[in-house]
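In order of appearance the chains are A, B and C, and numbering begins at 1 in each one.
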């Protein structure tokens, strides 16, 4: 079960020459990173930034949970301070962490190598989009320095048009992040179209590439609309143009249409890449070909397309017309079809496979469990009658945390552990990984399952104070959040520790067969010396486990591996 | 953000040869190392530009959405607003942009066949057309701003009333001659008591401005304004007239910014083309920059009738 | 259309003998500009006549014809890979979904909004009662 990590048996790492040349030591100095066009380095820079922002967003989450420990003032007596905390938590997590998380960090690193390509299609654009992300992050920090923003991450008008807090820097930051996301998506579409080797047909691509492609389509088509929406909001605040604010003659429901036309598809920008990762994780760590490859592939595309047609389900109680409510509710239910196809195919993939509960696999399996809860509770919210009751309660908070964190971020951390040996060339400690996972998984469910109960009993979201009868649930939820924080601290420790003291990673620690496992860990600067042979990336017949070294070797790479 | 940025050539790396290359496999000097052929690089650049153009369509799309929503709910705003715009300046702008599109397309052709001199002349002509467009825009904007037609709370009701009164008087003098500025014949007397919409609007304790003065129907207009969409209040100017000018300035302003970006791209192409680098095997930057310029034209093709004509 | 094929230039060739360029005859391009100008005159002329709602309809049809001319010939979609055209059409399609649904909804709820806008302001404003 844990052979790849602990079964060293003092065997030397055969394929590692003393100082192998790879992308990390290809060149040195600050500028060699700051001006790099190498997709791997850009991916690593994204990863560092995104994980840093995850820490920042996490701190605000802990502040929110701590404040809710008891009714009335707990750590702040200023309710507006509480408003800023949850707004900053939401905005940082959504725009700076989850949306760029998988595509820009892990995707940038893995996608070209999976294609056997030397780089993404437009390396300069890739670097440019990284700096747009940095610009967005700087504007967020500026927002914090200017006293924060309290409109909620959704920036709903009319409040966002009149609040005295720093809406404009926050919105400018989101605008820049939007363009960063657009350019990443654009790059990926062109890369998959034009740098896919001739032997790799669409249906020979790893499933991660299918979901990345579907994600990129959403990024390109939906994100410009949030761009113009936020520009209009800035105009509304500064010049009172009268599009979104009733006081100036505008229509606030229109803002919600604008906002959700992007932000609902954005939910799929967050979840689809994680689903792609899970498709890889389940197959690789079960050592079994994905069940229903084409169904998983097409369901990604179907989710992307349906995603554009359901935005109104965020607006059931916003005076949206009954006719539109009915239409959006009906289409919302149909999204459950491709989602369920994925879940059942993952389960069928595991069935009869030789499952290894490695740390990435633990996250993969958690994803299926948590996503099922998140998805099924979505049906309660997509139903018009029940949504009237649940709208703006902790039920919604729990639902989208099961999807955003329990699925999208858990999937991202699964991918991080899966590709960590490839990224850094080091193995992390399996036992500590399992401990961290256990804390996070248990803590997550303690935190958020309680909130389903809270919400169904009528606790509204975003409230600073609450009735005493909710106190016990809030206390449980807060304890859960501390458990999660402990888990992430352990994770940070062993991942950082592995960089400096971890074992050398073999080129194929999990026994996978897609192209990124055919180059060394970490990959060389050019990824592949010569274009790699394209074979079936889910054919595990040619990958052998060597009990003596505790490692996998691919027969195709045999001459190189045993030299 | 210039679209052709990603087509910028990278110096060829000596070790970047794929093994499948011909023995003579000399890379074109502008072929980046991760592409196998110039064709692959060219088509990727074009695909990337088309995707970028799709994002531009959706970026403008938000403003078009606002336009159609407000037009369908408040047609009187647009009835009133388009009469205040000068359709001949708009038509002039259309012609200038269409001509510039032709010169750009011919420029691409010149690049394709390697006629550098012709290419540079055509790029210069396109740039001049861009300048022409912006000049007409400047004349138009300064006229509007001078009469107080501005967006949002900058819309100056006093100045606009003054201008409308003058226009009405001029019309009376010329004996029913149709002025371009105001076709509406029933503009009522100037009511000095009416205040500018936002400047004096008091703010509530929550910092939210109450419904502006202008939103309240005038005395005589009470019935007319309720009569359904399309009914002009008797004073001749519909309430919330500033919304039309908000949409007008934001749409044409965003478009103007795109014209400026397009002109910068063309200037960059003009500078880089001096060393004869463009020819049959390498013209991607011209082609891709051209695509961007044509999109700017394409958007104006829709803006012109929507804002100026109907 | 036959003009388009009438180029006499040898065609663009890259280092490996592939055709990249598709130069289009100058006369043909000038003809496209002529058609665009004609359509511009038509759209201005039609706007002088009050046809009610048909004005918007006609103007959009004419504008779309002009846009099609620009996209097909000036932007070379006529000779390009169909996928590039699909991207453009797709972007218009998704824009249609966006505007269509938003318009459908505003049509439905606007009649509830209008009376609110028309009532004296104290009922709609956000001030505390008694202000």
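By our rule, contacts are C-beta pairs under 8 Å (C-beta built on N, C-alpha and C of every residue); 3 or more make two chains touch, one makes a residue touch a chain.
Worth saying up front: this structure is predicted, and the values here are computed from it rather than measured.
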A-C or B-C - the one linked by more C-beta pairs in contact: B-C
Central subunit by CA centre of mass proxy: A
Gap in Å, rounded to a whole number, between the CA centres of subunit C and subunit A: 36
Rounded Å distance between subunit B and subunit C, as computed from the means of their C-alpha atoms: 13
Sequence positions of subunit B contacting 2 or more other chains: 43, 47, 51, 54-55, 57-58, 61, 65, 69, 73, 206, 208, 210-211, 215
Touching two or more other chains - residues of subunit A: 158, 193, 221, 225, 246-247, 249, 251, 254, 257-258
Residues of subunit C whose C-beta touches two or more other chains: 83, 90-91, 94, 98, 102, 106-107, 117, 124-126
List of subunit B residues in touch with subunit A within their complex: 1, 5-6, 8, 10, 15-16, 18-20, 32-34, 40, 43-44, 47-48, 51-52, 54-63, 65-66, 69-70, 73, 151-154, 198, 201, 206-212, 214-215, 239-240, 242-243, 246-247, 250, 254
Interface residues, subunit B side, partner subunit C - complex: 22, 26-28, 37-39, 42-43, 46-47, 50-51, 53-55, 57-58, 61, 64-65, 68-69, 72-73, 87, 91, 94-95, 98-99, 101-102, 104-106, 108-109, 112-113, 204-206, 208, 210-211, 215-217, 225-226, 279-283, 287, 290-291, 294-295, 297-298, 301-302, 304-306, 309-310
Subunit A residues touching subunit C - in the complex, by the definition given at the top: 158, 193, 221, 225, 246-247, 249, 251, 253-254, 257-258, 261, 308-309, 311-312, 319-324
Sites on subunit C touched by subunit B in the complex: 9-16, 18, 20-24, 26, 29-30, 32-33, 36-37, 40, 43-44, 47, 55-56, 59-60, 62-63, 66-67, 70-71, 73-76, 80-81, 83-84, 87-88, 90-92, 94-95, 98-99, 102-103, 106-107, 110, 117-118, 120-122, 124-128, 131
Residues of subunit A defined as touching subunit B within the complex: 37, 117-119, 121-125, 128, 158, 162-164, 179, 182, 186-187, 189-190, 193-195, 220-225, 227-229, 231-232, 235-236, 239-243, 246-251, 254, 257-258, 526, 530-531
